[in-house]
Amino acid sequence: MKKLRLFLIENSVVITFIVLLAIAIPASKLPGQFLLQEILTRLGRSSFLVISLLLPIMAGMGLNFGMVLGAMAGQIGLIFISDWGVIGIPGLLLAMIISLPISVILGWLCGSIMNKAKGREMVTGYILAFFMNGVYMLFALYAMGIIIPVLNLELLLSRGFGLRNVIDLINVRQCLETFIPLKIAGVNIPVLNYLIIAAVGIFIVWFRKTKFGQDMRAAGQDRAVASAAGISVDRTRIFAIIISTVLAGFGQIIFLQNMGTINTTNSHEQTGLFAIASLLIGGASVTKASIPNALIGVILFHLLFLVAPMAGKNLVGSAMIGEYFRQFVSYGVIALALVLYEWKRVAQEDASRAMLRGGVAPDKGKVNTL
Amino acid sequence: MSPRSLFQRMCVVLALIAIATFLFYIGKGHTLFIDTNALTVGDNELRSYASATVIVNGKKLNSSMGRAERSMVVVGGPKHTIEIVDDADTDRRVTKKLTIPTFMNKVIVSIPAIIGDCPEEYWITPFIPPSMVDVPVEKMQQQNTLP
Amino acid sequence: MDAILSFRDIGKQFYGNRVLSGVSFDVAAGQIIGLVGENGAGKSTLMKILFSMPEIHETGGYEGSILWNGSEVKFKTPFDALDAGIGMVHQEFSLIPGFTTTENILLNRESLHRSVLTDIFSTRISMLDRENMALRSKKAIAKLGVTLDPNMLIKEMPVGHKQFTEIARELCRDKVKLIVLDEPSAVLTESEAEVLLSSLRLLANEGIAIIFISHRLREIVDLCDQIVVLRDGQKISELPAKGSSVKTIASLMVGRSVETQGQTDVADTYMNYGSSEPIALSVEQLWVDMPGETVRNVAFSVRKGEIFGIGGLAGQGKLGIPNGIMGLSPSGGNVKLHGKPMQLGSPYAALKRGLAFVSEDRRGVGLLLDEGIDWNIAFSAMQIQNKFLKPLLGGLFQWRSDREMLNLANEYIKLLEIKCTGARQRVGNLSGGNQQKVCLAKAFALRPDILFVSEPTRGIDVGAKLVVLETLKKYNSEYGATIIMISSELEELRSICKRIAIVYEGRIEGILPHTAPLDEFGVLMAGAKSETQQGGRSEN
Amino acid sequence: MEQIKRFLSDFGLPRIIIAVFLLALFMMAPAVGVNVPDALKDVFNRFGMNGILVLALIPMIQAGCGLNFGLPLGIIAGLLGATISIEMGYVGAYGFFFAILTALSFGSFFGLAYGALLNRVKGGEMMIATYVGLSSVMLMQIGWLALPYKSAVMIYGFSGEGLRPTISVDGFWRNILDNFMSIKIYDIFDNMVVTISDFWAYIPGIKWYGKIPGNDIGKWLYEPKLIFAFPTGTILLFLFVALIVWAFFHMKTGTAMTAVGSNPIYARAAGINVNRMRTISVMLSTMLGAMGIIVYQQSFGFIQLYDGPLYMAFPAIAAILIGGARVNKASLPNVFTGVILYQGILVMTPLIFNAMLKLDMSDVIRIIVSQGMILYALTRKTKVLK
C-alpha cells in the first residue's frame, strides 16, 4: 500500500497526463491510425533533442536552456549543405560534421558563462539562448552573402545577402525515414531514426559508466566535495554542456530533415521549450532524468499536441481553446517542475539543518546516558 | 598533453575532415536535365527514339520521352548508370555509366549523344540558365519579427 | 622508533597576529599523538601548515620546517601532501551523499579500463572498473576492522559509518603513513566512538601513525601514546598518555597558574552578587537548535545590573544560548523576564521586551554591509521602537528622519571612536573593530534592559578590544543594564564578569566566580567534572 | 568623493559603452539626414510610455527577490483593467482612471499569490518568476477567448466570441495623458509656434500661444506641421509614481524592505517579518506593472492581448540594468538613465542604420543589447550575504 502511494507520488506528472489524454483522445475523435503514425514519426524526430538534455541534469546544472545554441549550430550545418547542394544521408552526415565544431565552441562558451553564474545556471542559459539568437540573426541575415560566400543564390534574399525566411530542405527531406522502408498495418515506421536514438541511448548509458560520468555525478551532487577530491568541477561542467550542445545540434538536424524546411530565424526558438517540456512531462525533474523519461515524455507531449485542438473543439466548441491549452501546458509544466524543485531544495536545506540538531528537540534536554 | 595523444587527436581531426570531404564527394547533388533534343556532332545529326523510357540508377522516369523533350532528376554523387529503352522495341536498349564532375550543379544529359555512341564529352554539358528575369516585387519585402 | 614526521620550530603569524611559535614534536610510525588545546591554541593552523592549505601561502607562509621521512618537505598544494602519504579526516563530512561507500572511498581515484578512446580524449573517458573498485574498498574497510556495506548510499547511512567511510578513504591511498583526524568523535554516539577508537588502535598496530585532535580528553587519554598540549600558539607540554589524568591535561590546556590579579575576595560574595537585586532573567530547560552549537538543557538566572559571563569551548553550545533566547534559532524552554514568561522564537517579541543582542556573526547577522553606519545603528530602534520616524498626515505614514539618524550615528561615532569617513560610509568598508563598534551602537540605540553580547572581541585589534570592553562596563554602570557576555576567551570573561558559567555539550557544566583558579575552569571546559560525576548528571 | 567613486565603479563598462554609442548616434544624426526633433520626440514619448514598467522592478530588486521576470503577470492585471474599463464603456479620463484602479486591484490579488509562491522558493526566484510569467500569459490566452466580454469594439466580429488580439483604445483614452498639457511646436507658414496643449489655448490672455492672431483654430484650411511634441501628462504621471516609490522607501516599511534585500538575516534579527516584506514588494511590483501597461497602452494606442505580454519583461529589465542597477540593488536614477539610454538606442539605431546603410538592423541590435545586458548582470559576482 505504501509502495503504491510512493509510486503514485513519484509518477504524479506522468499519471496526470495519462488521465488528461484518456479524456482528450476520445474527445478529439481523431482516427487511431493517424495518431499512431504521427506519434511514431514524432518519436523518431524529437527524441534525440530531448535526450540531449540528460547530461547537464546529471552534472547538477539543471535543465539546459542553452541547448538552443546547439540547435542553431545544427541549422548552420543544414544551411551549408543546402548551399552546397549535398543530398541524402551523406548530406545529413556532412551537416552534422559541420555543426560539430560550432557546437563545441558554443557549448564551451555556454558552459563557461554558466560557471560564472553558479546556482542560477538555468536562468543564465535561458537568457543566453536569447542573446545568441541575436548573434545568430546577425549571421543569418547579414553575414551570409557578405562575409560568408553563398553559392546557391536561391537561398539569399533578393537584396543579395541574408538568408531567406524559409529554406527548403528538399535535398535531405525525410531521407532518414525513407532509408529503411518498413510499413506495418499501413503505418510507416522510421526504422533508421529509432536506430540512431538507440545509439545515442547507448552512448548516454556508456558515458555514465565512464570516469567522466562519475565525475559529473559527483560534481552534480556536491561541488565542494568533488573539488576537494581533486575533480576539476568547472571543466567537468563545461564538458557536460558541450556534449549536450553537440547532441542538440544533431537532434535539430534530425528534427528539421523530417520537417523538410528551416524557418531561418525561428526554427530553433521553440526547440528548447518543447524538449524541456517533453522531458518533464515524462516524469523527469530538475535533478533527475532518464532515457525512459525522455521517450515517455515525447509520446505524451506530442499526443497532447495532436489532440488538444480537436478535443478543444469537440469539448468546448473552440479549437483555439485546445490550442491555447496546449501552449499553456508547455510552459506550465516547466513552471511546475521548477517550483517543485526549489520547494524540495528549500525543504532539504531545512532538513539537513535539522540533522545537525543531534536529537535535541525530541527529548528536550534529557540526558543521553549511553 | 602528451605528444602521443596530440598526434592521435590530430589524426581524429584529419579523419573528420577526410570524412567530410568524402561525404561531400559522394553526396554532392546534381540536377540532371535529361534531354532528347537532336544533336549535331560533326556532320551527323543524332536523334533520340520516337519514344524512350529512361531509367536512372534503376529508377524509371515518370513518363516516356518523345523527341525534343526535357525532364529533370536529382541525383547524388559522381557515378550513375543510365539506361535508355526504346518503347517501340524493348530489346533496343542502351546502358551507360555517367561520371559527373563534382562541381557541376546542373547538367544536361543528351540522350541522342548516348544512343549515338558519341565520345563521352558530348553526353553531358553544364546547364547555363537563361539570364535572370527581374525578381518579382513581393520577394523584395522582408519581414522579421522576433521578440 | 624513527620519526616519520617532525615539526621543527613551526611558527606562523596572520597579519602580524602571532598564532604559532616554536612548535616542535615528532610522530613515529604506529604512534598515536593526541593534539589538544583550547580554541585558537593553534591546532588547526598547525594542520593547515602541514597540508599546505592555500590560506597559508596567501598569508606569507610559515616559519620552521617540516620533516617527512627524515627530509624536509614543502608541499605546494594539499594534494601533494596527500600524495606523499598523509591523510586527513575533516570534522565535516566530505562525502557525496548519492554515492555508495565504494564510490566515496575511491572518489577521483577510481580503477579504470583503458581503451583507444583514452588516448584520444583523456583518461576520463575510460570506463570504471567496478570489480576492482569493490576489491580495493573492501581491502580498505578491512584494515579498519569494521563492517561496512560497500554498496550502501552515504545518505542512508548512520553517522558512524560515514566517519568510517572517510577514514577508509584515506587508508585506501597506496602509501598512506599518517592520518590526521580532526574531532572525529564529535558527531558519534559513545558506542560508535568506542568502535572508532579500537579501529584506530588496529591501524596504529599496522604501523600507521595518527594525529588525533579532540576535545574529549577521556578519549585522548585512553587512545593516545603521547599527548601534545598547545596553548596560545606554543607547545606547553608533551607527555605520555599513560599515567596522565584528564584533569592534568585540562589544566595544562587553560593554563596552570592561578592569577589572582589582586582580587582576593571570597568567592561566595560573588556567587551571591547583588542578592538584594531582583532576578532579571531566569532560564530553565532551555534547548536550542543551532547548527554546531546545540543547547540541550540549560538553566541559569541573572540578577538586574549584573555582568554575567558564559564560556566554554567552540561547538559546546555557548553561542546557542543567546541565539535561542533572541529567537534566531529554533528553541524551547522556560525563559522568564522580570518574572514574566517570555515568548521564544520571535526576535520581534524579544526586542520589544527590552532585550538586545550583539551577534557573534557580525557580517552575517549583525550588519547591513551595503548600507551606511547611520542605517545600521538606527534600524532596529526604528523598527522596534518607532524612533527616528516622523508621523505624516496624522500618523497615517511614518516618515524616516534621516537627519535624526545621522545625529545618532555621529554621537556613537564620537562615543565609541569609530574610525570612518562619515556617518554615511558603507559599513562593509570599515575594519573589523569598527564594525564591532557599530554592532554595539546598534544594540545601545535600543536602550535594552538586558544585553546579550556574543564574542564581542573576536577578530578585532587590541585597541578596539579595550574600547569595546570599557563601553560595556560603562553601559552597565550608567544605565544599570544587565549584560550577558558570551566569549571563548576566558581571560576576557574573568576581567569583566562577576560570575562565569561554563557550557559543555549543551549543558551548563558549572558556574564559577571570576576569582576561581584557572584549572577549575579548565576542568569544567573539558567536561572532566561530569565524567567523574556521571551519576549526578543523569538525574537532571 | 566616495560616492563618486562608488558611482563610477557601479556604472560599469557596458553602460559607458552604451552611453558613448548613443551619444555618437545623436552626433551622427544630423550628418546622415536624420530628423533629430522627430527622434527626440520619439525618445521622450517612449520614456513616458515605459517608465512605470521599469519602475515596477524596483520593489522586488530592493527586497532581494531579484529581477522580476514575472512582470507579465502584472501586465495581465493591467490588461484586465483596460478591457474591463472598455467593456463598461467608460471613456476619457474617467475610463482611464477606472482602468488603472481595476488593474491595481487585480494586481494586488495576483501579487499576493505570486509573493506567497516566491517565498517558498527563496534563492530560485528568477527562473520561477520567468515561467510563472510565461505560463500565466498562456493561461490567460484561454481567458481572453472564454471570458464573457460583450463590447463590440473588442470581440471578434464574425463569431461574436473572444477578444481580438489587438484592441484600439481610440475613442476611449488614447493619448489622454500624452495630450495633457503637452508642449507642441508647430511649423505654421514657416513660423515656429509653441503651444502648451489645447487646454491652455482656450484660456484668454495666453490664447495667442495656440493660434495665429486673427485666425480661428477651427477654420484652418492649412494643416500646421508638428515639429515636436512633449508628452507632458505621461511624463508627469511617471514622475509622480516615481515620487511615490521614492517616498515609500523613505517610510518605515520601505526602510525595512531595503534591509531585507540587503541582508535578510539582519532584518530577521531586527524583528522584521521577512516573508511579509517580500510579499509586499512582489505586490507593489505587480501593481506597478499593471498600471504601467495601461500608461503604455494610452500612448501606444492599442491593447495587445494573447501572447502580447509574453516577452514584455525583457525590455524593462534591460533598461533598469543599463541604468546601473544590480540584481540586488536598484534606485530611481537607475530607472531614469536606463530608460533614456535604452529607449534612445531603440529609437536611434534603426534611424541611423537606415539612413547610412539602408539596413534595418534594429531587431538584432535590440536583442543583443538587451539580452547581453541581462546576461552581464547575471554573471556578475554578487555578494551573497548568507
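A, B, C and D are the chain letters, set down in written order, and residue numbers restart from 1 in every chain.
Just so we're on the same page, contacts are C-beta pairs under 8 Å (C-beta built on N, C-alpha and C of every residue); 3 or more make two chains touch, one makes a residue touch a chain.
What you are looking at is a predicted structure, and each value in this text was computed from that prediction instead of being measured.
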Next item on the list: Tally the contacting C-beta pairs at the A-B interface and at the A-C interface, and name the larger one.
Entry: A-C
Notebook entry, point to check: Closest chain to the protein CA centroid?
Noted result: A
Check: Between subunit A and subunit B, what is the gap in Å from one C-alpha centre to the other?
Finding: 39
Checklist line | subunit B and subunit C, separation of their C-alpha mean positions in angstrom | finding: 82
Check: So how far apart, in whole Å, are subunit B and subunit D when each is placed at the average of its C-alpha atoms?
Finding: 59
Margin query: I'd like to verify one number: the distance from the centre of subunit A to the centre of subunit C, where each centre is the average of its C-alpha atoms, in whole angstrom.
Written below: 47
Check: Do you know which subunit B residues sit against two or more other chains?
Finding: 144, 146
Item checked: Contacts with 2+ other chains: residues of subunit D -> 314, 363, 367
Checklist line | Residue numbers of subunit A (touch at least two other chains) | finding: 133, 137, 141
Note to self: Using the touch definition from the top, list the residues of subunit D that touch subunit C in their complex.
What the structure shows: 2, 6, 247, 250-256, 258-259, 262-263, 265-266, 268-273, 329, 383, 385-386
Check: Which positions of subunit B touch subunit A when the two form their complex?
Finding: 16, 19-20, 23-24, 26-30, 74, 76-77, 105, 135, 139-140, 142-144, 146
Note to self: Show me the residue ranges of subunit C that touch subunit D in the complex, using the header's touch definition.
What the structure shows: 326, 328, 346-352, 357, 359, 363-371, 375, 379-380, 382-384, 386, 389, 397-400, 402, 421, 425-426
Next item on the list: Quick one: which bits of subunit C touch subunit A in the complex? Just the residue numbers, please.
Entry: 79, 94-99, 103, 107-108, 110, 112, 122-128, 187, 189-191, 285-289, 291-292, 294-298, 330, 332-333, 506-507, 534, 537-538, 540
Next item on the list: Sort out for me which residues of subunit A touch subunit B in the complex.
Entry: 81, 84-91, 93-94, 97-98, 100, 133, 137, 141, 157-159, 162, 165, 171, 265-266
